[in-house]
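Here chain A shows up in two complexes: once beside chain B, once beside chain C.
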Partner chain A sequence: MIHEFIVNGIALGSIFVLGAVGLSLIYGVRNFANFAHGDILTLGAYLAFTVNVIFAWNWVSVAPSMAVATVLLGIAAAGLGGALGLRLFFRARGAPPSPRRRGLPLLFLLVGILALGISLPILNLVRLGISEVALPTGLLLSGVTAIIGAGLAGVLFEHSIFRHLQYRGPVPSLIASIGLAFILQNVISAIYGTDQRFFSVSSGVGLDVGAGIVLTMVKQYMIVIGILLVVLLHVVLRYTKLGKAMRATSDNLDLARVTGINVRWVIIWTWVIGAGSAAIGGILLGLNAQVKPLMGFGILLFIFAAVILGGIGSAYGALLGGFVIGITNEVSKALLFRAGFDTAWSPAFPFAIMVAMLLIRPEGLLGGEPLVRWGALRASLSRFARRIRGLRAPSR
Partner chain B sequence: MQPLLKAEAIHSGYGDVEIVHNVSVVVNKGELVTIIGPNGAGKSTLIKTIFGLLAPMAGRIWYQGRDVTGTEPDKLVRMGLSYVPQVDNVFPRLTVIENLEMGGFVREGDLTPRIDVVLEMFPSLKEKASVRSRNLSGGEKQMVALGKTLMLDPEVMLIDEPSAGLAPNLVEAVLEKIREINEAGTAIVIVEQNARKALSMAHRGYVLDMGETKYEGTGEDLLADPRVGRMYLGG
Partner chain C sequence: MVELGFLREIVFFMSFLGIFALLVLGLNLQWGYTGLFNIGVAAFFAVGAYTSAILITPNVPPSDFYPGHLGFGLPWAVGIIGAVLVAAVLGFLIAIPTVRLRADYLAIATLGLAEIIRLSLIQSESITAGTIGLRNIPSPVIVPGDPFLTNVAFAVIVVLAVVVLYVFIEFVGRSPWGRVLKAIRDDEDAAVALGKNAFSYKVQAFVLGAAMMGAAGALFGSFLHFIEPLTSFTPIDTFFIWVMVILGGAGNNRGVLVGAFLVWGFQFLIIRTPFPDLGFVDLESKKAFLQLIALGLLVVLVMLLRPRGILGEEKVISRGVLKGTKRST
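Take a look at the complex of A and B:
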């Protein structure tokens, strides 16, 4: 039973990761905690919901040929994106010959996970017939709309609000973001009402992954999309010119400026990526439960916990923190249930971890100085290996 | 001959407080110019004003015959002027190679050949290529900061106290490296606390005190001048 909660935790964690990464990236280049980030999640969910339901593009009822066409289009888009990524990868990779090859295994990993992301719908197509593939194909269109919409909204917020506050320290921007959060919540409530809404998708057929765990269709996609985007983000941050410039700007904005990095361009893209991944998180959250005006604000604290746990400003820390918070939240439900307590207490556990982290290591897991010096670890391991070999060698 | 860089009658400071009063600096092609003076003399303020990080209250800055007063730093970088800050001059969470790549941000195309050239100038960085720069020693960080700036093969480098906080034996190494860079053809303006060493390697020098130019001349002349020696070189 506990594995089931772990799997649920990973699914929930991927939503936190999607939110936390954007929050952390924006904090890195902008130096303020964006309290409107949860509502950008909500905005993404509602944009997707609008396309999904209001315009009645419910792909369940669409002719099978169109569903096939969409899948093919999706594959073509993924291929095109991959080719573009490869180009960016090799163009931005201005490293000397030896370290260049270090990226290749990661590239293969990326291609593998992309292939998994594409093959899962196809597998389902073969297994279940056309109508059951409605979820990925229908949501593709809604998802793209939501990502683009939320990304543009992020750029709009930056241009209309945060840009004007940038030399006044972190507090005015933070207060402004709280105001923006309330504006977004109320505009959304005014347009859509405060009722809970549901995405119109086929529930699909669960995937038996063994150990008695059956993943619902939504959970399958939460996990796959979560991991896919994490890897994509890793590749962007690690290997592209944009990603490196984002990390550099996050490290030291003034130095980035005097180095000649186009800081405005970096900040705009950070908003696009941050708000876009929040939108995906919002869609997944809406799919998993329901769409409502306070959905994003409700998980904002979890997202903050994930960011703090991982180390604020560190994108990799946000990944780690998101999964830890998600898994802790779900597993603690299992433990509470077994001990005979109300499972509603479960959020206490991830926040206890956060408080402990603040007390023990305030810079977070991956912020500040590295926890593990891999070079030193590797050296001591090889010393150890040599000694073992020395012991085994026949002595004279 | 037209000077490469000329700061003319600069008045500058922070907010309403004027720190630099009517200071002029000229840098010719290929020259190594040093600005020395006690703490608080306005050396760093002057160099930041030249690089566009501070707006001058009065005075003009000319680069290659063009008035560049008030030009943004990132535009100056594209024009061949570059600046190495005194502290925090590398990106700590980026590796040595990534720092160099960011140094070459405004360059188009493949950076590999230029990175190889820069690493050739700083052999000690080669084996640390994929180490995050926060894990480097102070001397190595200075080398990364210089190498990062050299990625664009600048015409003029403005270097703010490269020896600050370094152990004495590293100071020698860093200053020696700067002399090498200059010999390869880059004009350099260096602000230094380590006045005797800086003057001995410089073509020309300026002595700043209380925000004003007290003396100027060739490095040798300033070193030999008893007034400079008494006041600024510790006897």
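Take a look at the complex of A and C:
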């Protein structure tokens, strides 16, 4: 039974990872805890839901006011996106070095999404036949909309709010982000209502992975998309100029600026990538359970737990933290069940880990000074080995 | 009769305003004076409400229709004293490990702890009646056969409590103790260098603030006669209190009271104003959301345009210092 909980934990963990990576990067680059991050996740889920419902042609569940609102939002988003895109484009042209490399991260992102979008339907076409393929194609379009919409929203928030609070320390931005969280939640509630909603997807066919575990279609997607995007993020962070600039800015903004990194550019891309990955997390969360206005705010604390466990500003820390928190949450359910307690207590475990981590090592597992100095460890081990050898060999 | 209805509204308004006032004064002591970023206000509020309710309500055994809850049926005063003490102890237990943390870490930690506490209240069904809610919490003064006068008596008690605590906080805020709190907020290293035990002062401020929130919780329970942890005591309640403090001006007790008046007055008016049905959208059903959007926008705008709030903090200069500067100029 415990295997099943671990697999569920990995699936849940991939959602936390997608949320945590963005939160951690924004925390690192902009130096404030973004309490609106959970609601960016919700925003992504609702954008995808809208497209998904339109794509599925299931107009019965769309209120006329919602359809009007959707069209208006679409027009607004397109206009805003166009304006911002033009502005960024012209700014980029005037900016120094190597404009050819500029497009590389975007290219990676697009190639990744395309690869994902093409490979998954083909995989399923081979496995299941044509009738089940509607799920990935419909979701692909929703996913792209959600990523672009949430990314633009992130840039909008940065430009309209957080940029102006940049030099006033972490607290004003934090308070503003709480206000923003409530705005987002309630705009979504006002447009869509507070009812739970569901993506229009077929339940698909489960995949038997052995050990008595059957992964549902949604869980398969959660795990595959989670891992693929993490790999993609790794590539962007490690091998592109943008990724390097991002890590440098997250480490030390002023130092990055004097080295000639265009910090504003980096911040905007951080928002796009952070909000975009949060949107995917929101879609997966909506697929796994349901879409509702408080879904993102509800998992915000888990995402914070993942970020703090891994270390603020560290994308790899967020990866580690997300999976650890996801697995902890699910495995604690199993343990609680076995000990005869109500499984609803399970959130207490990740929160306790988070608070304990804040108290013991606030810089996180992978932030700050390395937890294990491998070189020093090896040296002391070999010293130890030498001493043992010395003890064995009788000295004269 | 119309007159009585109006009076009833005023009594209702004042009672809630008083409860909010206690909460904002408590938060102002923690955030405005000491710079402790507590976003777990709802937890202390909830613990106060439940402690008092359990102490003053008779025990209800579980039945088919109601899970039952613990209760002692003690006098009302015991309830509020118990609420203050338990909230203070909880504040102490939370403060000891967390007040050393940076502002943003403290915020996350207190939010996490507040959610754990709310989860416990939901889950401990045999003690708190869980999500069904704890019912029939008695009022402090019961005028037999006249619910209106009972409510008036309650409002008077609440307003008196606010006045007493306002005077008390103003007094301690201007005392050397209050000056140390502000010194720690502005520059902790300097305060420590001058020999002040910053940790101890922070814990004291946190505990005192938590105790006031506990008292507010006790009053809240006996005003509504009913409490439940699913829709009340949520992060939204904490958000309301924060909006009041930020709007009015952190660090200024009169400011936060003005903030409480404005925000609660706004809510009160919104609840009582019928919104039109525009045909394609019924605004009446969206009222609660529109109100929260407005408050969220308010917070963002205050942060952008007037971070010190409406009144802002007043500069308090000790008499001796002022004399010194006059002589030198």
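Definition applied: the second predicted complex is superposed on the first by the 304 of 396 C-alpha atoms of A that agree within 3 Å, B and C clash if a C-alpha of one lies under 4 Å from a C-alpha of the other, contacts with A are read in each partner's own complex, and residues count from 1 in each chain.
We take it that contacts are C-beta pairs under 8 Å (C-beta built on N, C-alpha and C of every residue); 3 or more make two chains touch, one makes a residue touch a chain.
Owing to the predicted nature of the structure, the values given are computational and were not obtained by experimental measurement.
Enquirer: In the superposed arrangement, does A:Ala190 touch chain B (first), chain C (second), both or neither?
Expert: A:Ala190 sits against chain C, while chain B stays out of touch.
Enquirer: Determine, under the contact definition given at the top, whether A:Phe32 touches first (chain B), second (chain C), both, or neither.
Expert: Second partner only, chain C.
Enquirer: Now for A:Pro347: first (chain B), second (chain C), both, or neither, which partner does it touch?
Expert: Only chain C; A:Pro347 stays clear of chain B.
Enquirer: After superposing on the shared chain, does chain C or chain B touch more chain A residues?
Expert: The partner that reaches more residues of chain A in the superposed model: C.
Enquirer: Quick one: classify A:Ala248 as touching chain B (first), chain C (second), both or neither.
Expert: After superposition on chain A, A:Ala248 lies in contact with chain B alone.
Enquirer: Just chain B (first), just chain C (second), both, or neither: which does A:Val258 touch?
Expert: Touch partner of A:Val258: chain B, not chain C.
Enquirer: For chain A, give the residues common to its interface with chain B and its interface with chain C.
Expert: none
Enquirer: Can you check the complex and tell me which residues of chain C touch chain A?
Expert: 37, 39, 97-98, 101-105, 107-109, 111-113, 115-116, 119, 122-123, 235-236, 239, 242-243, 246, 280-281, 286, 288-290, 292-293, 295-300, 303-304, 307
Enquirer: In the complex of these two chains, what residues of chain A are touching chain C?
Expert: These residues of chain A touch chain C: 32-33, 64-65, 68, 161, 164-165, 168, 170-172, 174-176, 178-183, 185-187, 189-190, 297, 301, 304-305, 308, 342, 344-345, 347-348, 351-352, 354-355, 358-359, 362.
Enquirer: Which of the residues in chain B end up touching chain A in this complex?
Expert: 51, 53, 73-74, 77-78, 82-83, 85, 88-94, 97-98, 101-106, 110-112, 114-116, 119, 129-132, 134-135, 148, 152
Enquirer: Mind pulling up the chain A residues that touch chain B in the complex?
Expert: Residues 91-92, 94-99, 102, 241, 244-245, 247-248, 250-252, 254-263, 314, 369-370, 373, 375.
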